[in-house]
Every structure is written in C-alpha cells, then in structure tokens.
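In order of appearance the chains are A, B, C and D, and numbering begins at 1 in each one.
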Amino acid sequence: MADTRERIVKRVAKFFKDGDLVNLGIGMPTMVANFIPPEINVMLQSENGFIGIGPSPEPGMEDKDTVNAGGAFVTILPGGACFDSAMSFALIRGGHVDATVLGALEVDEKGNLANWIVPGKMVPGMGGAMDLVVGAKQVIIAMEHNNKNGAPKILKNCTLPLTALGVVKWIVTELGVMEMTCDGIVLRELAPGVTVEEIQSKTEATLIIPDVIGTMED
Amino acid sequence: MADTRERIVKRVAKFFKDGDLVNLGIGMPTMVANFIPPEINVMLQSENGFIGIGPSPEPGMEDKDTVNAGGAFVTILPGGACFDSAMSFALIRGGHVDATVLGALEVDEKGNLANWIVPGKMVPGMGGAMDLVVGAKQVIIAMEHNNKNGAPKILKNCTLPLTALGVVKWIVTELGVMEMTCDGIVLRELAPGVTVEEIQSKTEATLIIPDVIGTMED
Amino acid sequence: MSKIKTLEEAYAQFKDNQVIAIGGFLAVGTPEALVDGLVNSGVTNLTIIGNDTSYVDRGIGRLVVSGQAAKVIVSHIGTNKETGRLMHTGELQVELVPQGTLAERLRAGGAGLGGFLTPTGVGTIVEEGKQKITLNGIDYLLELPLKADIALLKAYKADKLGNLVYRNATRNFNPLMALAADFVIVEAEEIVEVGELDPDAVVTPGALVDMIVKA
Amino acid sequence: MSKIKTLEEAYAQFKDNQVIAIGGFLAVGTPEALVDGLVNSGVTNLTIIGNDTSYVDRGIGRLVVSGQAAKVIVSHIGTNKETGRLMHTGELQVELVPQGTLAERLRAGGAGLGGFLTPTGVGTIVEEGKQKITLNGIDYLLELPLKADIALLKAYKADKLGNLVYRNATRNFNPLMALAADFVIVEAEEIVEVGELDPDAVVTPGALVDMIVKA
C-alpha cells in the first residue's frame, strides 16, 4: 500500500517544471512534495493563504499560525508570500497555478471529475477543490486505480455529483499514466509488469492505446 | 472670490463626525481639509491608494512616491494605510467612505449630478468620480452657486451627461446650504445677508422653503 | 473615541438572529475569545459565515455544537462530525459554497458589487437555482454578494486606530470580512501605538474596524 | 533560472499590436525605464491600459505623444492635452472607464472571473452597449474582464524570486496588472536577497513575476 502510493506520487512529481506554482491536495497528493527533483524550483501554494510551503516543523517547533489547507503544521520557506483567501483564489481561478494534484472518487472519459461528495454518506464540502480544478492550468489526478471494493474509478460516465466538467488532464495510478485528450483517455505509460490487458480490465472507460507506451519509472 | 470659496469649504467641514472617513475631490473640495474642527478625528482617503492624507510637505521635502489623486505632493499621517486601486474602490463603492465632497457643473431636483464632461469642450474623463458618488454614504457638492456667466447650476433637469443618478445629498454654495429630499431641494441655511428671494432667483430648480431656515455661519 | 474595548463591551454587541462572519481556516485565525463570548452569550438563531465549521471544540465548530447556529455558510464541514449530524436531522441549515466563490462573495458584499461571474461550479449541483450567463462561449454562474451584521476577526497586531496586520496562515478570510460586515470587532494578539505599523504593511485599514479587544 | 534581466532583455519583449498594462497614477508608480524602452523600441499600434495618460513628458503620456498608442483604456485624460487632441482627430481611440470599474476589470481578468455587476455608471453614457442586470430592484452594469499581453510594473523592492512591495501611493494599479497580464516585467528600485522581505508584507507574490530589472 505504501509502495503503491509512493509509486504514484513519485511519478506525479516528474510533471513539474522549474518555476512552476503547484497546489497539492490533502492526503496522498501532499506526499508529492517529498519527491520533487532537487534540480528544479517548484513553489507550493497553500490555498488557505500562502506560497512557499516548507517541510513539516520538528516536533515541538510547531507554529500555531502556520498550517496547510489540511490543518497540518508546516513551515513557510524564505521567499514565501502570504495573502488573503480572495487573492489565493484569484491565483487559482485566474490560471496562475501551473498544476494541481488531487485525488478522485471517479473520473470519466470526458475529463469530468467527482471527488467531493457521496450523497447520504460523505458530505464534507468542496472546500477549494471546485475552484482548483477549474482554474489550474493542469489538473493531475493521483489515485489508486480501483476503489476499496476493486471497482473501477475511471468510468465512461461519472455517477457521483461532479466537482467540475471536463477538467482532468492527467491520471496517475499505481498501474499507469493516462492523458485526457479530445478523443478520450490515452494510455501513456504502464507500471513495470502491468499489461495493457490488465489496466483495461480494471478500467470501465475504453483506453486509447497508442503505438508507443512508456514505462512508468519506479 | 477667495472669501466665497472659504465660506463654502468652512461650512462643508462642519458636516463631518468624529471617526469619519472622507474623500475630498480636486480643487475647492481639497481646501475643506484645512477647516476640519480640531476636536474631531477625520481620516482622509486619497483614492490613488491610501488613508491618512496629511499636510502638504515643506518646500524641498516633497516625496516622489506620495501624492494625492490630483498629483499634488502630500504626506501620510502616522496611522495611515496604503492599498491598491481595487481596495481603494472597494472602500468607496462598498459604502465605507462616510462622505465625499465634489464640485459640480450641474445638479438637479432629483439629485442627479453632472460634473465630468462638457461634450466637444472638456472631456477629461470621470476618474474616480462616478464610483465616489455612487458609493459614498453622503455626497456633498461644494460649488459656486452660479457659473461664470451667472447662469444657474442647480437645475430642474441636468442638461450635461450625468455622473450618476440621484446621488446628491447636500449642496453648499456661497449663498446657502441645500438638502436633497424625496420631495426636492430643501433650503436649510442662508448665508448672512442673503434672502430667500435672492437664492431662488439664482436657482432654476424650485427650492422648498421650510418654516425654519438656519444661518450659514461664516 | 477609543476603539479599544473590554471583552464585555464586545460581547454586548451579540443579539439573536444576527448574521456573523468569523475569520479563520480550520480555526487558525479565528478569534477564540470572541467566540467564547458568543457561546456564553447564549444568543441563538445565528447565521454563521466562515470557511469551515472547524472542530467540535474550536472556533466556529463550538457554535454548531452549542446549537446557536441555525445556518452556516461555509466551504467545508468534514472536520466537524456534529455539523453533518445536525444537517441530516434538519436542525442545522448548511449552505456549501466553493471556497473561492465564498471569498469572492464576501469581497463583493464589502466592495459594493452586485455579483460576479465565475466558472466555478458550472455543471455541478452548485449551479442549482443560480442564473447562468454565457459570454464568448464560456458558461459562468452569477454569484451574489454576502454581507454580515458583525465580523469577528483575529489580528496579529492592531494599532489604536484599528489598522491590522495578520501573520502567516491566519489572514485567510479576515480582511474580506472586515469589508463585508456592518460592525467589525477585532481580537488582536498585540495592540500597538499609532505610527508603529508601516502604512505599506497594513492589510486592513483602521477605518473598517469598530472595536478592538486584546486576545 | 534567474528572473533578473537587463533592460535590453526586457525591451526585447515588445512587439507591435500588443496590449500593455502600465502601472501608475499620474505617472507615480510608473516604471519609466521600461517606458523609455517601449518608446525607443518604436513598436506601434499598441493598446495601453492604465489609470490615466499622465503628462506629455511622463509615463503613459509619452506613448500617446509618440503615436505608438492606437488605443488607451483609462479613467482620465485631462492632464495630457495631446490625448484629447488625438482623440478628436481620430488618431487615438480612447476608452474611458470609471476608475473603480477599471481596477475591478483588471482584477476580474487576473482572477478568472467572467465579469462583475457594478452600480457605477448606471444612468450615464458609461452604460452604452452594456448589459444591465437588475437584482432586488437595483440596476447594475455587467462589466467585463480586462487582460494584457504584458504588464510593466514599478516596485519599491523586489526579491530575487519576484516578490514585490510597493511604497506609499505607487502601489495603485500595479498589483492588479501583475494578475491580469500574461507576462509581467517589474522595474524595482531595489533588488534584495530571497528571505529579506517579510512574507506577511509581500503584496505581489513572485509567482506572478517573469522579469525583474533594476530601475
């Protein structure tokens, strides 16, 4: 399980370019920060109000005023900048965030995303997710390929209430890397040992299989 | 002429209450600052981006970064606050400015105001005037009662392109003080030596004459 | 007239049925002493505007638990189980608003705007009951301004005129609520003399602040 | 990759037909060295967005006098007689926008909003050609976002990541243009090391800035 998640977040971290401003969602996406290549400078935004998320503080060094959007204690790096929620979402909605990484409950062939509500079961609220996926230049979904019951999460059509229409660009799971295109979902990379047949069998949507498929490096 | 203007701005200064945030227009309205009673604390906003306009600097002490909305060198008082133009007009449009004092080309019985353009002659642009008169809690017009040709400026209907509809609350001229009400323009004060007949003869709009008319103190 | 007041003077502002905007994000940047007073006041049928309902024992969450909130307008309730429970029993009305839209609605309310067009929420249940406007082929929702009777803010430093600076992640919704409320009460960690704050570093001008209490 | 560039590298960004937003209010807070470069570049048919056309010999006014501006989108032209003259001869297109609306249009452009409703301009010639929307009995104009290809900003201090602070009245439209332009060039009076600016005092985050030149 830990390996699965580590494989996913390591791959996600390779999407970033030097100078990118990136917003990482709560949970697995937050772990991406640990694998950003040291040779590039990526700034991390915390939508509760700053740019420049640094490492977690040492135990006992927590600062009550310095948390990320999940409420976890963090630090602010030198060169950071603080702002209010309107500015934070001006950055997000205005297309100034180069990439956002989020989990998903469901994604479909049209790039639709459902990741905020399971009616009658889980109604946490959308927080900043709806703005993030509409505003960020690239929406990268980092998730396990299937749900706890083994059912596909990459569907022909989402069944849960949507977070947004047609916003997903990349899907990274432990099985491979998929790119959303006008024609549908293209399989770009397979994890070592995973076959086209296996990933398709675990996916409800029909994957488009190009001539060349890369290997999702470990 | 100087006496006329001084009479007007001295009277205008009496409208303010302790703690008021006030925006003074260019020209005669700017002079109001010199007559604010010392026992009250009035903050002056400069819509180019700060609160806390202080006195003009001593000659040689001008600061290139510190001007009012007319481009004149000013100072910023201790306790001042600087902001961008969006915040400046959030304060203005949002009703956080207690009073604005502006000149006028024409005012009419419905509180309509024309003070920004004379088609074919003078097209300076509205600057911040349209926002100020729509947003400020009280719009106080400080002007000479008649124009250079002796023609009335307080009309039944404005003839020039409007700055805004129905926004004027008070009109202060060298002849008297008038209040805009639902019923029309009520004469509240007369300058010493001015009669009801005189001020009405110099006004196209029909003034409403209450039982008690105060004296516009000198 | 001094804006610096006792907590009791601040608490005297609370009344039943008020719309109260409370700063903070998961209770970071929430004025807890003012929330204490609100809880102890026992005023009821409140509408609370904030980013989230935080935790059962911190910030806005306490007003959910106490039953004083009849309605919350927030972006997130997942960290406070009591909010979800009371929503399901019908005892609490919950209006969920995307976080960026919530920030912008408060800003619009404070800036005298009649509303704004946002692409956020198009094609989702957020668009229910809202006017949709299409410009240049792009769909937008017309979102409306939010205002409050009272704002309760947390500042790092306030000068005696009410100029405010915030620290790190505590700023969040506080400056927007300063614009959007008729009456603004600030709980400051430190109150300094006029002139001690650099005018360029002030985030909320004192003209927006009615009362200051010491945290 | 360093954002700190020479003036020549900055000037190389200028091309015919660009929409260029230039900070400043009556040329206070205008990056004059960048305007020098724009004038000397000879690029033409520009649309210039700014508060005003300042004076014939300062700031945006110089681009009016040089004839490089085909259009200006501003709130005021009264301090530059050449603007009025060229407008009357038809050589210069002038779009006059109320100052608060201009600020908000730039902010909307930079914040991904599709427009906003403002009461400013209702009942005046400003409403010509615009959609009017009535909500709760109040008329509003639907005003649309403004964006620029390039923003030319003046800052007091920039750190090497492009975080900016402004001084006194120079801030004005600069932070809004930083949001509203595809490419942002800053002329800073002083360039400092990363870490020298207090994160709470930064007004424009470096993430918005592409190039920094020394004033």
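We adopt the following convention: contacts are C-beta pairs under 8 Å (C-beta built on N, C-alpha and C of every residue); 3 or more make two chains touch, one makes a residue touch a chain.
Computed from a predicted model, the values in this text were never measured in an experiment.
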More contacts between chains, B-C or B-D: B-D
Chain centre separation (subunit A, subunit C; CA means) in Å: 29
For subunit A paired with subunit B, centre-to-centre distance based on mean C-alpha positions, whole Å: 55
Distance between chain centroids, defined by C-alpha means - subunit B, subunit C (Å): 34
Shared interface positions of subunit B, touching two or more other chains: 50, 76, 82-83, 86, 89, 92-93, 134-135
Set of subunit D residues in contact with two or more other chains: 104, 107, 111-113, 118-119, 156, 166-168, 171, 199-200
Chain-level touch network, classified as line, ring, star, complete or other: other
Those chain pairs that satisfy the touch definition: A-C, A-D, B-C, B-D, C-D
Contact set on subunit D toward subunit C in their complex: 104, 108, 111-119, 133, 135, 138, 140, 142, 144, 156, 165-168, 171, 198-201
Subunit B contact footprint on subunit C (complex, rising order): 1, 107, 109-113, 159-161, 163, 179, 194-195, 197, 199-200, 202, 204-208
Residues of subunit D that touch subunit B when the two form their complex: 25-26, 28-29, 51-52, 74-79, 84, 87, 96, 98-104, 106-107, 118-126, 156, 166-176, 203
Sites on subunit B touched by subunit C in the complex: 18-19, 21, 43, 45, 50-52, 76, 78-83, 86, 89-96, 134-135
Interfacial residue positions of subunit A with respect to subunit C in the complex: 46-50, 63-71, 76, 82-86, 88-89, 92-93, 112, 122-131, 134-135, 161-165
